[in-house]
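The two complexes that follow have subunit A in common; it is paired with subunit B in the first and with subunit C in the second.
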Partner chain A sequence: MDLALQLLVNGIINGSHYALLGVGFGLIFGPTKITHFAFGPIFAVAAYVCWAAATKLGMPLAAAALVGIAASAAAGVLSYLWLYRPFERQGSSHLVVLIASLGLFITLENAIGIVFGTDTKVIADLSPDIFLWGPVVVTSIQLWQVAALALIAGLLAAFLRGSRHGKAIMAMTDNGEMAQIIGIDTVRVSILAFAAGSAVAAVPAVLILFKEGATPHMGFVAVFMAFVAVVVGGIGSFRGAIIGGYAVGIVENIGMWEIPTEWQSTIAFVVLFLILLFRPAGLFGRALR
Partner chain B sequence: MDYLLHILVMVALYAILAGSFNLLIGFSGLFALSHAAFFGVGAYTTAILAVGYGLPFPWPLLAGVVVAGLVGLAIGLPALRVGGEYLVIITLALQVIAVAVMLNWTSLTGGTQGIGNVPRIQVLGTALDTAGRFLPLAVAVAALSLWIAWRLGASPFGRALRAMRENEAAAQAVGKNVVAMKLIVFAVSAGIASIAGALYAHYIAFVSAVSFTIETTIYILAMVILGGTGNLSGSVLGAAILVVLPELLKFVDLPPDIADKLRQVMYGVILIVMLRLRPQGLLPEHDEKRARVPAGLGGDGLATLAPASPADGAVTVEGRGLMKGFGGIVAVQDFAIDLQRGRIIGLIGPNGAGKTTAFNLLTGFLAPDAGTVRVRGEVVSGRAPHRIVRAGMARSFQDLRLFRKMTVLDNVRVALPAQKGDRLLHVYLLPWVVRAEERANLGRAMAVLRFVGLEAKAGELAESLSYAEEKLLVIARLLATGAEVLLFDEPLSGLDPGTMESIFPIVRKLAQQGKTICIIEHNLDVIRGLCDWAVFLDEGRKIAEGTPDTLIADPVLAERYFK
Partner chain C sequence: MERLTLLAAAVAVAFAGPAVAQEPPKDPPVIKIGAIFAMSGQASWYGTVMSQGMRLAVDEINAKGGVDGIKLEAVIEDHKGAGGAEGVAAINRLMSIHGVKAVMTSFTGPTLGIAPIADQNNIFLINGGGVGVKMIGASKYIVHNRSLASDLALGALQVAQSMGVRKMGQLHWKNDVGDNIVATVDPVWKKAGGSVVATEAVPQGATNMDTQVAKVRAANPDFIGMWMFTPEVGLALKRVREFGMKQPMIGVEFTANDAQIAGATAEGFLYLNDYFKASDDQPWSKQFAAAYEKRWGQAPEFYAANYYEGVYVIAELAGRARKKGGDYLNGERLKAALYENPRVDSVYGGQMTFQANGVAQKRVGLFKVEGGKGVFQKFVEVK
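What follows is the complex of A and B.
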């Protein structure tokens, strides 16, 4: 029973992480409809820049984290302006843009490996507090992961509902063509979406750096988990992405009870496969056309 | 020297992989990014059978083809339900799962250790243990594999695949069974890819999951995109370039790890640059010279395709009590219609009246909630669209749905009925039958094009036609199905009156030849000028029917129409 409780708590913690990834990815995919695979390596950029700022430049962690987040947002915007926008202007199909995105994915991931090496980068003198709640163990970083989701989701909800730019993002998510017709500058909204989505994803990236360290390959899992969260929850719904993230985190951890550890990372892919196969609209989402 | 020969062996193996991948993504438009998994299935099957059970070449290879074909069918299943980006994601997930199985099913695959000491292939008592000795076999097998792929791509089946790629619904509407086509092409592509895997296992004498990851899939993808989708020579070229090019890095003094990463960066950049600057690849699919059609074809042939029958007014299509609702909204309610041989019937009504839905119900693109459709007395409702086409009723689409990246001729040729070349058995075992049929079909297709006046455009891509010509091609393609009942969804919309007048006689002539024709049309002049009878539909119900003049004169209907 104690194990089950611990697994559930781990599931909620990982779920918060996945939910944030899902929200960040959804923030980009929703309005732009770009299947942004390079979301993964740009997520990794945040962690690596934060690591470099903290260890090479000796910046305090909070400042280094902000630098990492800013770098991720900038990289996201550049990926849009330099890669996706020209394809959009060319009138390329979604599929062509997706393949180009895969190209950027593999380019960036390996460029990171060349620049930083393949060893795991950790911030050495980091010793998170450990809390014992009855039979359950959690660390302060894990609590941060949960808090980050609550904080960002709250801010994002206020932004999307309350501000003009936020409403423009929602309008474009709903119907891009219509948004353009009523005079929304879709290019600017796309830039904003890439900046915001990449910044949101940078937060879990930095937390993962603190928790486990950074590897060039970390973006691969990140972009897939973002997919899984979005697909499970239903595309076009932020609430869905959060629920989806939690669902995957919990299923993945509870699954450990019965399934050998080496298969853990496969569980999410099997979930993704089954959902796309049987409920392409997601468990909670609106039906897709 | 051995090093050069080794590179050539790798070119041969990757040519097989790129060619088979091209069948999926280039010819069929199925972006299933799990090709390295098929490669791996072939390699592992060979390694397991050769090491564990001592089976000699080529048995493990053949077993690998069968296993990979089955895996291909399994991976093809999602393609029946989802397309486009979803297929990409779902197959990438499958690719990851496949590698996880290779890594974790230790008792079978050796886990992270892989399987070593795969025996060399023995030919006449000589072990093919060097690149030089292996090369002739690799080239021969690659040539055979590519021939299999080429034969498929160049056959009528391959033409149908390209039609499916261009527009799936339109492919169904010309009688193609897209479900079967997808499964077949997945199985064939996977089977061919596994051949490369089997050779690889014997050649390297070692298999391990790291060779079959997503990176490998992207590597092969880059070859296909670089060479040109839909062109197998392009894939061979793409494979050659992308095998040789990274080898140049060997001349720069780099740590192996960095060199490997630089290679990956190179593939990524090549993918992006090609898609941006030359998305059709180095060797494009469409070749103007090859597409040119010899003059003087199609003098006859229309008669064999559409034997004139008496325009006797006999009822050929009976729709009864058709119902369709979407969620809470009733789109079509209790709809009944009779279509008659030799008559042109107009389906009119305001926007959203349910006219296109009625067509969808008649032709099987939507399954009716209730009601039946009979064609020549035979109940066809509940059947898949392609089977209704074969039963003799075909339809066109309001939004045309031409096969845009195919030639005008191929748009028509693919629609011709009962092609033996659609079956792999004929394609591979009775090629002369297919060849004879193709010759006859070329004539028939040209006859159809001549009938609508497009014979001069036969060799051009459909996307280069003018709007009026596109509309004519829609008619030609529909006619080519050989169906007796032709349902036209707004065949004349958007045309200027002059062009419209020139199409009238074509439709009338079809009716005189005994076709049963139904037309959805908004333009009342067209209805008046063309139709013998008109059915007025509003809010999913039949409100009235009669001669066009009486319906148009009816003030109540006029008010509904213009509301």
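What follows is the complex of A and C.
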């Protein structure tokens, strides 16, 4: 039972991480319909810039984290303006944009390795507080992972429901063509979506830097789990992305209670296949449409 | 007259024999040494280090005149740390574009992929990095100047036995290397009276292993075997200690990369490995370490040492084979040259002896992490 409790807590922590990734990915995919695989290395950019700001420039961690988040947002916007927007103008198919995105993924990932080196970057002497709650162990960074989701989800909900730009994102998510017809500047909203989505994803990236360190390839798992969270939760639903993230996180941990851990990396795929098979619109996709 | 004829015939035979054996060597304009490393992808750290060791050795040998005046050239291909398909593509490029006949290989998957091609094309292979036991004998022409992982793990069990512990928990890479270690150590440990209370698999490249660590913790082992490699070792050490576990941990690798990741949580970690130490009583190792640090700005890892040493092995064998003339630069001739005298100079100090199975026999070192660095404790003769 002690193990089950620990696995449940691990699942909630991992789920919070996946949920934030899903929200960030969904913020971009929902309104723009661009399958932005370069989301992965842009996620990594946040961690690397934060690392450089903290270790090379000597900035305090909080300030370095903000610089990392800003860099990720800027990289996201540039990826839209320099890569996706020209394809949009040409009326290229989704497949062409998807392939371009994969190309950008590889280019950015290799560029990070060349610029920063391939060894794991860590913030030295960063020792998280460790809390023993009965049989359960958590660290302060893991608590931050959970808190970050709560904070960002709250702010995002207020932004999407209460601000003009937020409503424009929701309108484009619901129906891009209709949004354009009623006079929404969809290019501007797309820029905003790339900035916001990349910034949201930058937060878990920075926390992963603090927890495990940054590697050039950290974005691969990130974009994959973000994609799974969005598909499981329902494309176009931010609530769905959060619940999808938690579903994957909890299942891949609790599922290992009696199953050997060698099956763990299979679990996310199994969840994805089952959802695609029995509920293709995801858990919340249909309801919101 | 008859005696004269016999004498003349004997003289003719005496001269004819050496004339055949000493057919002039068919020298290439340059001896190209191929390499198949993980130059990109998640394991590119290895490729960087290995290629640095290789390049340094090539340049050193060339500065000394090459192999009997023939210069060496390093040709490096990328297997991306992936499986056999990338390795096959790489060796095909090395053969068809560059015409190499000696290849330095790394990683178990790609090596197993290229082994049959090496056999078909008479290519000499030397592995200084891969640790999978399946590589032994994978090709007629493969040799290893790297202690294999299962041997190191058996050495780790000897150390554990000497500590008097009985319940083993294991964290292992979920790939052929990790699976082979588990398959090797489990029966040995049980036969020695121990028990295995947890065996948890971590995918190579995983950044999150909290589930696996939680399960090992719940099993409450006396010690934990870390059957994985960088960077997962560093991450595992960190997470095990953060989970509040105090048990001793014994593994088969600890690099500077792991030290960076694990920080203070690595203190006390025991591991066995090929032992490279630059010291005053080992002039070659000292010279190598100084040259490597001067050129690359970092102290050499043993991976760098192995591939540096591997180039010297190939050069030595090419020189030996060349003395016998003919078309000497191929797997058959280089392997034969090695087993004429399987003792070869080692950058680790002294000489290493290549066993009949192709694996160089070196004593391995037991290290303990102190102050973030592996401190040599003693040599272990793996049984």
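One rule holds in what follows: the second predicted complex is superposed on the first by the 279 of 289 C-alpha atoms of A that agree within 3 Å, B and C clash if a C-alpha of one lies under 4 Å from a C-alpha of the other, contacts with A are read in each partner's own complex, and residues count from 1 in each chain.
By definition in this document, a contact is a pair of C-beta atoms (placed from the backbone, for glycine too) under 8 Å apart; a residue touches a chain by one contact, two chains touch by 3 or more.
Computed from a prediction, not measured in an experiment: that's the story for all the values here.
**Student:** So if we stack both complexes on subunit A, do subunit B and subunit C clash, or do they fit?
**Tutor:** Subunit B and subunit C clash in the superposed model.
**Student:** Have a look at where A:92 lands relative to subunit B and subunit C in the superposition and call it first, second, both or neither.
**Tutor:** A:92 contacts subunit B only, not subunit C.
**Student:** Give one of first, second, both or neither to describe whether A:14 is in contact with subunit B, with subunit C, with both, or with none.
**Tutor:** A:14 sits against subunit C, while subunit B stays out of touch.
**Student:** With both complexes overlaid on chain A, does A:270 touch subunit B (first), subunit C (second), both or neither?
**Tutor:** The answer is first: A:270 touches subunit B but not subunit C.
**Student:** Is A:110 contacted by the first partner subunit B, the second partner subunit C, both or neither?
**Tutor:** A:110 sits against subunit B and subunit C alike.
**Student:** Is A:262 in contact with subunit B, with subunit C, with both, or with neither (first, second, both, neither)?
**Tutor:** It touches subunit B and subunit C both.
**Student:** If we overlay the two complexes on their shared chain A, which of subunit B and subunit C does A:280 touch? Say first, second, both or neither.
**Tutor:** In the superposed model, A:280 contacts subunit B only, not subunit C.
**Student:** Examine A:231 and indicate which partner it touches, taking first as subunit B and second as subunit C; both and neither are also allowed.
**Tutor:** Touch partner of A:231: subunit B, not subunit C.
**Student:** Considering only touches as defined above, state whether A:83 meets subunit B (first), subunit C (second), both or neither.
**Tutor:** After superposition on chain A, A:83 lies in contact with subunit B alone.
**Student:** Should A:100 be classified as contacting the first partner (subunit B), the second (subunit C), both, or neither?
**Tutor:** After superposition on chain A, A:100 lies in contact with subunit B alone.
**Student:** In the overlay, one of 201-209, 345-353 or 417-425 from subunit B clashes with subunit C and the rest don't. Which one?
**Tutor:** 201-209
**Student:** If I apply the document's touch criterion, which positions on subunit A are contacted by subunit B in one structure and by subunit C in the other?
**Tutor:** Correct list for subunit A: 110, 113, 118, 260, 262, 265.
**Student:** What does subunit B use to touch subunit A in their complex?
**Tutor:** 31, 33, 77-78, 81-82, 84-86, 88-90, 92-94, 96-97, 100, 103-104, 214-215, 218, 221-222, 225, 257-258, 261-262, 264-265, 267-272, 275-276, 279
**Student:** Flag every residue of subunit C that touches subunit A in the complex, lowest number first.
**Tutor:** Per the stated touch rule, the residues are 40-42, 44-45, 48, 174, 199-203, 205-208, 210-212, 214-215, 217-218, 231, 234-235, 238, 242-244, 256-257, 260-261, 263-264.
**Student:** Residue numbers of subunit A touching subunit B in their complex, please.
**Tutor:** Within the complex, subunit A contacts subunit B at residues 35, 83, 86-87, 90, 92, 94-96, 98-100, 102-111, 113-114, 118, 220, 224, 227, 231, 260, 262-263, 265-266, 269-270, 272-273, 276-277, 280.
**Student:** Mind pulling up the subunit A residues that touch subunit C in the complex?
**Tutor:** Spelled out, the residues of subunit A in touch with subunit C are 2-3, 6-7, 10, 13-14, 110, 113, 118-122, 124-125, 127-128, 130, 132, 137, 139, 208, 212-213, 215-218, 221, 252-253, 256, 260-262, 264-265.
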